[in-house]
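Going in written order, the chains are labelled A, B, C, D and E, and every chain counts its residues from 1.
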Amino acid sequence: AAASLRGVLDDVNQGAPTQVTVSYAGSAALARQIAQGAPADVFLSANTRWVAWLQDQGSTNTFTSQDFLSNTLVLIGTTDQPDFDLKTLPDLLDNDFLAIGHDRSVPAGIYAREALTSLGLWESLAGKILQTDNVRAALRLVALGEAPYAVTYATDAIADPRVTVLHRFAPQDHSPITYRLANLSDAAEAEAYVNYLFSPATRQIFREHGFQDVPE
Amino acid sequence: MSVTVDIAHRFQGFDLNVSFHADEGVTALFGPSGAGKTTIIQSVAGLLSPNAGQIKINGRTVFDSSTSINLAPQKRNLGYVFQEARLFPHMSVARNLSFGPRARGQALDAAYQDQIVAMLGLDDLLERRPSALSGGEKQRVALARALLSKPEILLLDEPLAALDAARKEDILPYLERLRDHAGIAMLYVSHSVSEVVRLANQVVLLKDGKVAQTGSVEEVFSDTRAASVLGLRETGAVLRAKVIAHHPDGLTELKGGGAVLHLPKVAAQTGDTVRLRIKATDVMLSLSRPEGISALNVIKAKISDLRDGQGPGMLVRLQCGEDHLLARITRRSAKAMDLKLGQTLFAVVKSVSVAQADIGT
Amino acid sequence: MSVTVDIAHRFQGFDLNVSFHADEGVTALFGPSGAGKTTIIQSVAGLLSPNAGQIKINGRTVFDSSTSINLAPQKRNLGYVFQEARLFPHMSVARNLSFGPRARGQALDAAYQDQIVAMLGLDDLLERRPSALSGGEKQRVALARALLSKPEILLLDEPLAALDAARKEDILPYLERLRDHAGIAMLYVSHSVSEVVRLANQVVLLKDGKVAQTGSVEEVFSDTRAASVLGLRETGAVLRAKVIAHHPDGLTELKGGGAVLHLPKVAAQTGDTVRLRIKATDVMLSLSRPEGISALNVIKAKISDLRDGQGPGMLVRLQCGEDHLLARITRRSAKAMDLKLGQTLFAVVKSVSVAQADIGT
Amino acid sequence: MSWLAEFLGPEGFAAMRLSIWVSLWATLLSLPLALWVAHLLVRKRFWGRELLNIVVHLPLVLPPVVTGYLLLVTFGRRAPVGQFLEQSFGLLLAFRWTGAALAAAIMGFPLMVRAIRLALESVDPKLEQAAATLGASRARIYMTVTLPLMLPGVIAGAVLAFAKALGEVGATITFVSNIPGQTQTLPSAIYAMLQIPGEEPMAFRLVIVSTLIAVIALVVSELLARRARNGSV
Amino acid sequence: MSWLAEFLGPEGFAAMRLSIWVSLWATLLSLPLALWVAHLLVRKRFWGRELLNIVVHLPLVLPPVVTGYLLLVTFGRRAPVGQFLEQSFGLLLAFRWTGAALAAAIMGFPLMVRAIRLALESVDPKLEQAAATLGASRARIYMTVTLPLMLPGVIAGAVLAFAKALGEVGATITFVSNIPGQTQTLPSAIYAMLQIPGEEPMAFRLVIVSTLIAVIALVVSELLARRARNGSV
C-alpha cells in the first residue's frame, strides 16, 4: 500500500477478516515490484496512474481495479488565522516557502499545482515553493516550522495536531483525488479483504481519518 | 648442488653483466657497495627477472630469457637472508622461524631448531615480535629462519654485518660445518675479507656490475694484483696444511709450506687438510733462523717475486715447499736486508697471528 | 658540546641502566648485539622516553623523569643516522638530503653539500628514489642526510656497517676532521674495533644494558680485562707517539713507548702526537735484540703482567717507557722463553702491521 | 530481550532481528568477493580493470532507488537472471530477505573494496617475496602473510559494509519491498514510521537500536583491528 | 555542452551542474575536517575518542531520511544552530545548495574518514621520527612526510565522498527539499523521474550522465593516486 496510507490502514486492518501483511512503500516502487512478480494480492495506490501503468504491463493473471477513496486538498499552517485569504499567500510568504509534494511525481504535488494554477497563483509563487519527495515530508516541514505553509491532503492535516487547516481547496480546482485499489489475485481471502475494505464499518474508520468516499 | 649464473640486467645508470659458476660449498660475492651483489642474488632467488641470460640451479634451468623460463621463487628450494631482515612483523619470532618448515610441509625438527636457536642466542626472543628486537637480533632471526627451511641453496646477503665479533665467532663455525657436511651451495655476500677467506671456496670479485676476477680463494686473495681491490691490510696468501697432532697444551701441529707449524687448536681431525690464511702483514722475514723469540712458526723459504707497492711498502712472494706465502715489508727493510730473487731466508709467523677466523677447514 | 646520560629503562626481559658523560669528540658505544646501544641513542634523540633518569645536552636538561622535562627531538638539534636508513621513500635522494637544511631554515650551503655528496659517492644517485638504491647506498644517503643538517650532536648507529673497506676509508677521515675541527659531540655505535679505535676519544663498553667499562680508548682497549669483551683478535694496546720526521722513502719516524718507531706515512705534522694501536697478536717477543729481520720496530720493554687466557694463549703486558704494550703469545713459547714478571726483553712490531686504520691522529 | 521487544513493538523487534541477520549475511558473503576484486584491482593488470573499478563504484554513485530498480529488473521473479536462479538453484531473491541481503551487500560493496584495496596497497611486497623464498605457495603466502597484514583494512571494510547494510533503505525497499517480518529491515521500518505524523518517537526508538547495533559492531571491530595490528598469530 | 543540455532537458542539465558543484564543495570542505578527525582517531588517546568514532559513522548507519531529518531539526531555519549560523555569518543552509552540500558532506564523511584513517595507520612513524631528528616541526612533518605518504588514502577518501555526494538523495531531499535549479541535484531529479510512469528513459539519461561524471572522477583519482605512490615531490 502507498506509504501515506499507513496509520489509517493499520487501524483498519485490526478488524480484517484475514491476517493481512502490508508492505508500505512508494506507489511507483510497489507497482514495479508487482510487475516483477511480487507476492501481492491487493495493491492500494495513492495514484491512479501507477494502477493504469500496472494494468498496461499485463503481468498479473487477474486484474480488477476500482476507485477506493477520495481526499481533499488543504493548505495548512502552524497557527490558526481565521481571516486567512489565499490570494495574499505570495505576499505572506515573503522570504518563506510553501511546501508541496513534487509537482510531477508526488500526487499531492500534482494536485496542488493544478489547484494553484487554476487559482492563478502558481506563477506568482515561483521560487517560493519547496517540493518534497512525499506529501508527509511537506507536512513535516510545516510541523517543524521550517515552512509556514504547505499544501497537503486533509487527512494529513488531521493526523498531525501541530498543524491547522487554513484553506480547503475546492474539488473542481484540481483533478479528482482518488486512491485506487487493484485486486491482483483470485484467492478468496483477497476477495474477502476487498469486501471488508468496502464494508460500511471500515468506511467509517476511513472517514474518521478524514477520507471521503469516492463520488459516484 | 651448484648454481650457474649468466645474466645481464640494466637499471637506470647501472649495467649488470656477469657470468660465473658456483659449485657446492661457499661462493663469495665480493665487491664495493653498488657493485650488483644484491641484484645477482635476487635474480638467483627469482625475485628479479634479469633482462637477459640464464640461471641454472643444480643443472636445472630456473631462468632463461630466450625460452621464457622463469621458475617461481617457491619452487627454487632456496634460503635467502636478505640484506634488510624482512621478518614477518605480525608473527612472533618462533612463528617466523617455523614459517619455512611449515610452508615446505617438513616435520618439525626440534633438535635442529634448538641447535640453531641456541647458536644464534635466540632463546629469550622466541615470544617477541620483530618490532621489539634490536638490529642485530633481527639479523640473527633472519639467518635462523633461512637455515631452518633446510634449503639446497643458501643466499646470504651480508648476514653478519650487524653482529659483534663474539657473535660472529659463534656463527662462522656453524656455517663452515654446513659448507663441509650439508653439501649445499651458498652464495655469500660480505664486505669482510676475513669472513670470506674463512668461509669461501671460491670468490667472485665484482666491480661496477662486472666480474673483475673469479677463482679459488687462494688464487684471488694470493694474487698480488688483487691487492688493490682488497686493500693493503687484507692481502695475504692461503696455504694448505695437514693436521699432524693435537698437543695437550692446546696447540695443533700442522705440516704445510714445507715446515712444521703450531697453531691454537684447529677444529679438524688428525690427517685432515686445512686451509690457512696468512696475511702479508703478518709475515716477518729474517736472514737467519731467529732464536729466543715467541713466534713458534719459522718457515724456510725462497724469494720468488719482489714487487713494489705504492707507498713505502713492497710485497715479497715466497716459495716454501709447494706453497707460497706473501710478506709485506718496507722497502727500507728490503734494502737493509739486501733481498734478492732466489735468495733463501726465514719467514716468521707468530702462531697466534694466524687468526682463528682465517682458518678454513 | 657534550652529552650526559643517566637513565634507566625496562623492556620486557631487558633492563637498561647506564650513566656516562660524552664530551666534545667521539664517544663510542661498544658492545654485543642487544646490549642497549640503540636504546641509549634513541633516548638521547628523544625518540624514546626512558622510564627514569635524565639526559643533558650541552648542559641543558632535555629529559628529566623527575621534573617531567622531555624536549621534542626537533628541539634537540641533533643528527641521527639510524641503524636502518629510514630514508623518505616519496622523495628523491636530493630531496632527502635537503630535508634537514630546509626544516631548520638554513640557507643552502652548496659547497658543503657538494663536498659531502662527493665524499659519499652520491653524485649519480641524486635523482633516484630510495627504493632504487642498494643497501650500502641507502646507508650513505642516510649519513649524508644527517651530516647536512649540521647538528651539534651526531648520533651514529653503525653508520658504516654495510660499506666496503674502500668506502670506509673515504669516510673515516672526514669523520675525523669533523671530530677535530667542528667541535661537535658524536655518539658512535660500531661493532668494528678498528673504526672505534681510530675515531673514538672515549669508549663506553656496554653489556646487557649496563656500562661494563668506560674511559679513554687507550684505557679501555689496553685493559687486559677488556679482552674477553673484545674477542681474541681485537685485543691490543694504544700508545701515544710523537712524529719526529717524514722520511723520503715514505716512512714516518715516531717516538713512543720509549723507542723509535717507523711507520708508513702517517697523516700528521712533525711534532704532532698520534695514537697508535698495536694489536696483541701483532707483537712478537724476543729475548735478545733480533738482527737481520724485516721488522723495523723493536722496543725494549719490561714484563709488567702475565695473564693466562682460555686456550693455549696468554697475554703479556709490557712496560715500555711510560706506555705499555700487550702481546699475545702461546704458553708454550712463554715456557720455552721462561718469561717472568719484571724481565726485560724486546718487543718486535712489524712496521706495516700497525694498520693505517688504527692510527688515530 | 523481552524488554527490547516491548520497547520496539513486535514489528520493530522483527525488523531489528531481520536487519542484523541481513547485514551479517551481506557482510560475510561480500567479503570473499571483495577480497578477490581488491586483489584484481591492485595486483593485476588486465583489460577491463578500469571497467571493473567503475562497476564496483556504481552503487555508491547511483541513487539507491536506481540500484534497487536495476536489481529488480535483473533479479525479479520475472527477470531473466532471477528466473534462472530460481529455476536452477531454487534461489529466490526478490521479495525475500535474501534479496535484502543482496541489496545491502551491493550497496556496501564499494566501501568494502576500497578499504581492502587501501590495505592491500600498503602491504609490503618484500615480505611476500621473503615468504616465497621460504617455499610458501601463493595461496599460503596470501593466507599467512598478505591477509594478516591487511587485516585492519579488511575489518574496516567489513564494518563499513555492515554499517551501510544497517542503514540501507533506498535500494532495499525498491528491490524487495517492505514486507514486515520478511523484508522489512530496521531502516525500512524507520522509513515507514516517518510517514506517520506522531510516530517519530517510535521511529527514534528504532534509530537508537540501530545506533546501538552499530556501536557494538564498531567496538568489536576496533578490538579486532587492534589485535590484528598487534598481530594475532 | 549544448547537446548535453538538449539531451538532459533544462531541468536535468541544471541538476547536473548543481550536482557537480555540490559534490565538489562537499568533498573539498569535508577533506580538512576528515584529515583532522582521522588524525585524532589514530594518533590521539582522549576521552570520548570512541564516541567521536561512533558519531562519525552514524550517517552511514542511519537511514538517510533520519540524517536528513536530524539535519533539518539542527540546521533548519527555525532550529538553534541554523538560526545562529544565519544571524552570525549570514550562512543559510536550509533549502539552499549549501545545505545540499552539507548533507552530501555528512553522508560521505564516514567513508572519507575511514579511508584516511587506514592510510594514516599505515604510515611508518619511524619516518616521522627521522624527520623530527632532522629538525622539522610537527606541522612540517605532517605536510612533508605524513600527508604525502598517506596521499593515496586521502585521494581514495575524496573519491568515495565525491561519488557518495553524486548519489546521495535521501538526506538531501529531506533536508533541503527538491527545488529545481536550487536544490534539485541529479539524484533527486532521477528519484523524481522514477516516480512518474513512463519517465524511465529520462531517468536513465540522467543516470548515464551521473555515471560519466563518476568515471571521470575515478580516472582522475587513479592517476593522482598513481602519481602519489610514485612520489610527487
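Simple rule for what comes next: a residue touches a chain if its C-beta (ideal position, glycine included) is under 8 Å from a C-beta of that chain, and two chains touch if they have at least 3 such contacts.
None of these values were measured; they are calculated from a predicted model.
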Problem - Required minimum of steps from chain A to chain E, each step between chains that touch - result: 1
Problem - Graph distance between chain A and chain B, where chains that touch are linked - result: 2
Handout entry: Farthest chain relative to chain E (centres taken as mean CA coordinates)
Key = B
Handout entry: Longest centre-to-centre distance from chain C, chain (CA-based)
Key = A
Exercise for the section: Compute the distance, rounded to whole Å, between the mean C-alpha positions of chain D and chain E. Expected result: 21
Completion exercise
Distance between the CA centroids of chain B and chain E (whole Å) is 61
Fill in the blank from the handout: Chain-centre distance (mean CA atoms) for chain A and chain C, in whole Å, is 91
Handout entry: Separation of chain B from chain C, taking each centre as the mean of its C-alpha atoms, in whole Å
Key = 25
Completion exercise
Residue ranges of chain C touching at least 2 other chains are 84
Handout entry: Contacts with 2+ other chains: residues of chain D
Key = 65, 69, 191, 194
Completion exercise
Within chain A, the set of residues that touch 2 or more other chains is 140
Practice task
Please list, in label order, each pair of chains that touches.
Solution key: A-D, A-E, B-C, B-D, C-E, D-E
Problem - Of chain B, residues touching chain D in the complex - result: 45-47, 72-74, 76-80, 82, 84, 86-92, 95, 99-100, 103-104, 129, 145-146, 149, 155
Handout entry: Contact footprint of chain E on chain D as seen in their complex
Key = 50, 53-54, 57-58, 60-66, 69, 110-111, 114-115, 117-119, 121-122, 152-153, 156, 159-160, 163-164, 166-167, 169-170, 186-187, 190-191, 194, 203, 207, 210-211, 213-215, 218-219, 222, 229
Fill in the blank from the handout: The answer for chain D against chain A in the complex is residues 65, 68-69, 72-73, 76-79, 82, 94-95, 173-174, 177-184, 191-192, 194-199
Fill in the blank from the handout: Within their complex, chain A touches chain D through residues 3-4, 6-7, 21-25, 29-30, 32-33, 35-39, 59, 134, 136, 139-140, 143, 156, 159-162
Exercise for the section: Spell out the part of chain E that touches chain C in their complex, as residue ranges. Expected result: 126-127, 129-138, 140, 144-145, 148-149, 228, 231-233
